[in-house]
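Questions regarding the structure given below will be posed in turn.
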């Protein structure tokens, strides 16, 4: 199915929650809504589901206007961050409930419940009640209830956020596999950039009630359209620094370094540059690398990676570097980091992307 | 500030525990140094919250003793222990201003007004709350509220340790960074003993000097983030730390060489002998970060069927099946996977070996 | 583009409208109608404008009843709200004791109004009632049918006995909704028991207490059955509250016009006080700074 939002705005009590959103979901794929809390993801999903009616604008399914059509008349399923199940029913009855409403034959119900329960690894729990299950199992039950309907649209509103980190990892992998057959259009809301990358598919960046950018997940990640888009889709956050292009056309960086960028379409005057933490390196990759002298303010180890919080010696700029492996560096020590000019993002004065890196250079691992 | 010692400490919510399963926290002894940053890491129900509540005095342990600087505090309540705690959901006094919230613990202890003002302003400065002091605490965002909770601990000069119970649950990812950084700086400045409970390995590893990994009421390893990552003592630590966790592949030593699935691995002879002596349930452990691609048919490499290749921005995550055993590899982002078959090198300097979940070699 | 119209929703709303119209709007309009006319006989009536309203507002008996009513409602609030909160704080938090206490506390709420009046009427008698007998034996000159003070005290104690449980139940529900973390934090901050009450329990109970205050105000302001059964409004007019006076007018003297005007004024007074109380309590919770 193809779901489209046209000029959808939504006001609640005089406050605008969504501003004129145009969004066309990619059918049969995972569509990630990525944005911080309060960005408008849930409001957007409620409008997609027909739980709320937009203040203005249209919702179309396969070209047909369904703007005022209630959730009951649409073929969709929704899963929330809270584990929502019927507490008095067994897991089997929970999963079977949408089919019973559709008056599916008993034998068929049995077959489909067992099938979906097996897929979600809860087939041994069908006789239990939700209260007896762990958090992960409860959410699996809620997911099974959503999947058993074989709805053409499945809305998942941060479904893993209340689960343990490791459990999240497992269930995320399973979810991606469950929808890999391309039969279902999935909308998945999350606040975590890594989660969007792991799910793949397509991503819409939502921020302050607006859709900043929409496209293939990796394409959105590699060319953020604006400063806001870069902020939303980078964890650890992208280093964003004020800079300017001088009269000689060279880029003046805040730590007293000038560099020539061999690219077209560069703006004149004030701009902002973006460098991903993973692109600040302890050793240069090419001969063109800029060397920045810094003082180490703080180092964090995450096992496989080291995050360095640095202050530049000139210009007092704060930088974060993400290094592969464990690097034991003393706090307060001098650290030289290297930046490849060809990896810089340049944002114009209007905070829109002016120039993306011409070719992606990858670090040495 | 204080060093914290546990002596044969254990806790069972039911009387007369008989089996290990009866314990919420199995008896153990451990020392935490003064001024250290410790994290308790584990899945829900692993006993980490029980241990935290024992430290804070909210739970009196059924077995063993807790010592603060050598003083037995086992029987003391939270009030007498001089600890502070930041909870999962922000706890603030709704009707008070930020200033009054921060001053509350000092007023309760009857300090002079001038001194209270000094302390509160000092702490507000540190937490970047100076401009919010006159505002009502209830109207602030979640991250500011958590800072207030922390501030109520920091204002007290006598605080022995500050405990954190999953304090970043309600905070947005990009704010987590700023908050964690602030916390780290405060730790370096004040050298307080900090104890942080979480199920999130990234939070635990980035926060702590030493991480205590727990599962099923048991402490399986205490170590630096580097040690837990490079040399996990227990297969659970290998699995739980790292994202995705360590590849753990069962080995068969029945034949002449060690085999995975049906394919032989190039294990050095002494290692093979050691594994044979070690006994049963031998597993090879290698982090996805250290799995390397090999040329087709290369000696010692294994053939695998590609399941999925996920580009993650600064890396490529490859999932492949070696005769039904799933192996993950984190590769350079520009790596191209051609076809649906790859060859992987699983024996590397970083490879570890486990017998019955306990590391025996590597 | 056509807007899909959902007829089903309309069908569901119509019965509600009809019910409200018959139960509230139409009776109210009848009362408004009566209040501006002199009903001489079912077929004969004259429009009199605001005359009944002026007459009622100048009636000294009604003014006395209004003052009595206000004093009574104020006493009820001042006693029942703190007492209910204290009761809720003293009730056990969990286990079988909690369930048992809840049942015992809720008991008076299950007794019909007129039975409550009868129970206390007997209880207070010095010849056959336990309360009256004990007081008399203690040498206290107690007689609620003869002394204004005794009648007032009896009505007040009866109301407190009957309705404090409602406040207690509401406050108890509010208390149970406070997460444990707040108590733990307060203990760590070294807060006294009073500080815990003042800065955690009271602010968190604000919502339910507001409901309790409004309910108790409205109910006590309309009190009728219990004093009617107990004292019949006496001695003299000492315990004749507004609703009883209204009944005397409407049923006893059959002055439908003035009674209707009285009803409307009564209604407006209750509305006005509820509005003031609600706003005051809202502001109490929102003021910036030291609330």
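Chains: A, B and C, in written order; residue numbering restarts at 1 for each.
Here, a residue touches a chain if its C-beta (ideal position, glycine included) is under 8 Å from a C-beta of that chain, and two chains touch if they have at least 3 such contacts.
Just so we're on the same page, UniProt names per chain: A, B = ABC transporter ATP-binding protein; C = Sugar ABC transporter permease.
Everything numeric here is computed off the predicted structure, so don't read it as measured data.
*Asks:* Measuring between mean CA coordinates, which chain is farthest from chain A?
*Replies:* It is C.
*Asks:* Which chains share more C-beta contacts than any other pair?
*Replies:* A-B
*Asks:* Please compute the C-alpha centroid of chain A, do the same for chain B, then give the distance between them in whole Å.
*Replies:* The separation of the two C-alpha centroids amounts to 24 Å.
*Asks:* Measuring from the mean C-alpha position of chain B to the mean C-alpha position of chain C, what distance in angstrom results?
*Replies:* 56
*Asks:* Give every residue of chain C touching chain B within the complex, in rising order.
*Replies:* These residues of chain C touch chain B: 179, 181-182, 184-185, 187-192, 195, 199-200, 203-204, 285, 288-291.
*Asks:* Taking the touch rule as given, give the residues of chain B at its contact with chain A in the complex, in rising order.
*Replies:* Listed in rising order, the residues are 43-45, 172-174, 177, 180-181, 184-185, 188, 199-202, 205-207, 224-226, 228-230, 239-245, 287, 289, 310-315, 317, 332-334.
*Asks:* Of all residues in chain A, which touch chain B in the complex?
*Replies:* 36-37, 134-135, 164-167, 169, 191-194, 197-198, 200, 218, 221-222, 231, 235-237, 276, 278, 297-298, 300-304, 307, 309, 320, 322, 324, 326, 331, 360, 362-363, 365
*Asks:* Quick check: in the complex, which residue numbers of chain B touch chain C?
*Replies:* So the residues of chain B in touch with chain C come to 56, 58, 77-79, 83-85, 87-89, 91, 93-97, 100, 104-105, 108-109, 134-136, 149, 152-153.
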